[in-house]
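First chain A sits with chain B, and in the next complex the same chain sits with chain C.
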Partner chain A sequence: MIRALAIGFLIAVLLAALLPARYEKQFRDSPNAGPSRQFPLGTDDLGRDRLSRLIYGTRVSLLLATAAALLSCAVAAALGGIAGLGIADTVIVGAADLFLSLPWLFLLLMVRACLPLNVSPMVSVTITFLLLGALGWAAPARVVRAAVRKLSVSDFMLQARATGCPQWRLLWRHLMPNAMPILLAQLWITIPAYVLAESTLGMLGLGVMEPLPSWGNLLRELEGGGIAGHPWLLAPVLLLAAVVGSFQAVVEREDYSV
Partner chain B sequence: MLVVKHFARIAVLVVAAGLSCALLVKYAPGTSVDEREVDRRLSEESIRELRSNKAQNTDIGATLRRYMVDLAHGNLGFSQSNNAPIAALIADRAPATLRELAIGLAGGWLFGLALAIPKRGFSVVAGLLLSLPTALIAYLCLLEGAKSYLVLVIILAPRIFRFARNLLAQASSAPHVEMARARGVTEARILMAHVFPAITPQLIALAATSVAMAIGAAIPIEAICDVPGLGRLAWNAAMARDLPLLVNLTMLVAIATTAATAVSEMANPQ
Partner chain C sequence: MRLLLFTFATALLGGELRFALHQEPKTTDPLLMADESAEAIGYLTDGVLIRINRLTQRPEADLAMSWKVAKDGTKITFQLRQGVKFPDGSAFTAEDVVKTFHRLLDPTLHSPIADTFKTEKGSVKVSAQGPFAVVAEFPAPTASIESIFDQVAIGSGLGPFLVAERKSGVSIVLKKNPSYWKKPLPLVDTIRIDIEQNRDIELVRFRRGEIHLIDKLTPDLYERLAQDAPGTAVDAGPTLDSEFLWFNQAKRAPIPEPTKEWFRSTAFRHAISQAIQRADLCRVVYRGHATPAAGPVAPSNKLWFKEGMAPEAFDPAAAARLLAGDGFRLEKGVLRDRSGNAVEFSIITNAGNKTRERMAVMIQEDLTKLGIKINIVTLDFPSLLERMTRTLNYEACLLGLTNVNPDPSELMNVLLSSASNHPWNPSQKTPETAWEAEIDRLMLAQAATADHRARKKSFDRVQEILREQEPVVYLLHPNALSAVSKQVTGVKPTAFFPRTFWDAEHLSTTPKPAGGG
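== the complex of A and B ==
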């Protein structure tokens, strides 16, 4: 499953270089065109090729979600690790509790709505990425903290301490490699959650801004209605479901126990 | 003692959430701007008064002090964007959201748990529903004319199903359950006498989490399905940078979420 995801990811990145047309190119003489040899998924109301936008949007959403997940997992590893070792534990746990006292989607929508909306596409990508990364650290940090606490009193750590192993080596050689599976599991859980969060933000007009495509703003096209007569409009939905489903299957099948 | 500790925790978290929200709105770009200022019908005096009101609300310390004093008198403040007292707005919108949450949670639990009991089935549908964003499910349901609480049921049921099925599978393979099965005890009795008691603590914890999930999902659902509830009110307040209303709603959500967690922890101290 991981291989299938990796191949899908690579295809999304590489195919963007071989796009049939630029994602923002408007074919003014064929707006709202149905599927054809030139436009396999048709064109939108501005005459933009839907397939090109879908491929490029896949790249944007996957890269954005992965980058945001890496950011939040890095923050979670640092803060959770520090708290697990007993340093500033109360402060970090308190901050995590504060973040977790509000539902994730509520927090995300409220904070995003308070930030500038009329911005360039690249700024909107940066805001979305930073927001997801910065707001999603609390739950993984609690998991990492619990794992580090468990590991730091384990037999092999005790033995390493008894043999005079220096503190840095304890952390680098013993604690971190053993905490890695937990962190990896958090990463696999976080990426699909962020893909879905970006899609919800995009559908509400708070995600990546036009003309840059992402799964969120591609799904927004469904709001115009007419799915019944135009089943190809569901292509982003199917792709999104396949990718997120694959991530969930990875989390369920792999063993990430400490 | 445990109750006091939980109350203290809720109070601290709720005040911290309100303060964080106030700070966020105060420093959000564009907070000082009020679109009504460009209304040509307003006189200089009216615009000055608008600015003065806005300045009062953006002074966090003063706002919180005033808020606490007013709260003691049962006054939650005034919403500039809705031009109405906040207490009246919340009282007006709360029934729709509470009804939606109650039906959504009840339905989500009923379907999630009922579908989790058989050892097979629904996994693919649950996986598909879990792979779609809340806003999309809300939109697709809206196209089919479904009510907002049904959307919440569709969003919550697969999440509850996934957790419940994992818990049931673990509990069903315990040695004492295998022994009961070998002795010919009926599946229904095994479920009621052995499996459910074993997973009750986890289910109670899941109940608290499902409340948070339902509240979180209420905003996009109400925004898309145009439900006049608290979720839509919060959405509009955030878009209009209505500080007093947003602080009240954030604190209300924080109270609901932390209270649900506290109740689940008190019911299950382990």
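== the complex of A and C ==
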């Protein structure tokens, strides 16, 4: 799956080199143009090439959603693992409950309003995704905690302990490899969730800053309809659906049972 | 007999008028209203002494049955309408007017409307002369005295509608005011005003027939509606509104010193203005439904627009020369100031306003050609207001101003350096620059005379100073784009706020026709 993700990202990078225009270039004489040889998916309302923006936006959304998912899963693994072993369990579970009860959208709006203004769009979007990652550890942490608790009293762990296996080896050789599939499943679930979260922020006009494209701000073109007679506007929806669907398919196909 | 028939027909009509506001009204106090939502509710529920007819732009009797302006323009005497009652049954008298003005002019209230009643020689004094006569005395001759009374709501509950129900963040329901003085009573029984921030959803609901009016339509939605439902999209022509960009010049603003220095440079501001393609903003973002701006006054305001003022010509080469003359230099595509700092700043605007976001993106590309890097930041409106008026923690801001009254007095609370809405450096104790002092003097002087020629001369000079200094880069004046459902009859759209429901008492609704819209 990681390979597929990398290939997808690489294709998006390579395709960008073949595009007729940079994603931010405004062809002001051709706003809202339909598909043509020059602009295969037409232009947006400022005359920017939609295909270039879609491909560049794919890079932004995929890369940063993956990074945010990795961050939250890393935090979840650390905290969930510790709690699962019975260390600071009450504190960590309480913190997870607190994070789950936070209205994350309002929290993100508040944090965004407090951020310094004069940052480039790339820095701004990175901060947004880091925040998403930092706030999203609670749900996977609970799953990891439950799995570690179950694993730590499993037969193979008892046997390993009985043979005098040291603590670090128990963790490194027995617990982690068995908990890893669960963590991976959480990662595959979290990536599309973050892609969708960015889209939500984008729809509110608070996601990735212009002129940087993302799936979120590309989807804003669909607000209020206007698809009739302009089916090419659905391209970001199809791409988003394909990516989210692919992640779900991977989770379903792979056996993560402990 | 005719009146009887009309009253009978009215009683049968009833119905509910529905439209949406884009944000919750910030206050219900009519003297503190500064946002458009609050003003809309106030317009429908409050009575004023004189109402400006949005269609003819002429003052009309409201709670004042008649009025007389003294020849020297220092005094206006109102004869109040008798028999007017508040919803609780108490009579409306001159004392209510006097109390309202005392409260309005109380400095501790900080009413944004109070600035309009100030002149360089002091404030207005309002006193009762008997139960139904009020005299307002100005310390100096005052221009277009009548029109400024349109802004002051006298108490609450004297308008055509009353607030019947308010669900915070969801809707406000107004009901017909049974004790409204004007007969016949409004044709609709209720007005349902939903709070709907998203303009696209507002349009979808309009198409479904869930709402009847869209008072302000964005150009893209206008075009879409004009194609899909011809006859419902209305362009009422150029407004007095303006869209503009300004730089934060406040000394106490927590922004880097070099940035403040750029913003205080007149050459820098002119260069920015020259590098922006206003014609493209009108053509691409507004789809042709806007006019490039030369200043705060729209050319459609023929009485006050300074003849010969043309919008700043798009000339990036001249802009580059101006910057070079001010010590800026272009190095590898990056503009740097004398100290070598790269010229980069952020422009804030309100999130969700796609028109402004697009304008910001176009300005960003225009300025990139000068080597200036712009970061666009969209903020939710409360955060934006907090930065603009309290913390002053921003660099440049792209926003618009809605003007109802063509008179220059309407701009007092923006142009006076002491005003809290003075965009580039608000609430100054004393003017920090000579040209701001000059603007203050001229604005107060024009407000202190009834002589139109003298006023015009003062205000022309204000427009010239604003053009010479360009603390605000005026971009364009949008047209008044609205949507009116075929279910509503009697709508006469105008270019002035409120565009579609300014005579709400005369509007009536009919059942939804087949096909919606």
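We adopt the following convention: the second predicted complex is superposed on the first by the 226 of 258 C-alpha atoms of A that agree within 3 Å, B and C clash if a C-alpha of one lies under 4 Å from a C-alpha of the other, contacts with A are read in each partner's own complex, and residues count from 1 in each chain.
Operating definition for what follows: a contact is a pair of C-beta atoms (placed from the backbone, for glycine too) under 8 Å apart; a residue touches a chain by one contact, two chains touch by 3 or more.
Here the structure is a predicted model, which is why all the values come from computation and not from measurement.
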Contacts of A:Leu219 with chain B and chain C, given as first, second, both or neither: first
Which of chain B and chain C A:Gly47 touches, first, second, both or neither: second
Chain B or chain C, by number of chain A residues touched: B
Chain B versus chain C as contact partner of A:Leu240, first or second or both or neither: first
Touched partner set for A:Ala113, first chain B, second chain C, both or neither: both
Partner chain(s) touched by A:Ser199 [first = chain B, second = chain C, both, neither]: first
Which superposed partner A:Asp97 touches (first chain B, second chain C, both, neither): first
Partner chain(s) touched by A:Ala88 [first = chain B, second = chain C, both, neither]: neither
Chain B versus chain C as contact partner of A:Leu105, first or second or both or neither: first
Overlap of chain C and chain B interfaces on chain A (superposed complexes): 109, 113, 204, 223, 225
In the complex with chain C, residue positions of chain A that touch it: 24, 26, 28, 31, 45-47, 109, 112-113, 117-121, 124, 204-206, 209-211, 220, 223-226
Contact footprint of chain A on chain B as seen in their complex: 9, 13-14, 16-17, 20-21, 24-25, 28-30, 127-128, 130-136, 139-140, 143, 212-213, 215-217, 219-220, 223-224, 234-235, 238-239, 241, 246, 250, 253-254, 257-258
For the chain A and chain B complex, residues of the former touching the latter: 97-98, 101-106, 109-111, 113-116, 192, 196-197, 199-200, 203-204, 216, 219, 222-223, 225, 227, 237, 240-245, 248-249
Chain C to chain A touching residues, read off their complex: 198-201, 203-204, 220-221, 224, 277, 280, 283-285, 344-346, 348, 351-354, 357-358, 360-362, 364-365, 373, 375-380, 383, 386, 393-395
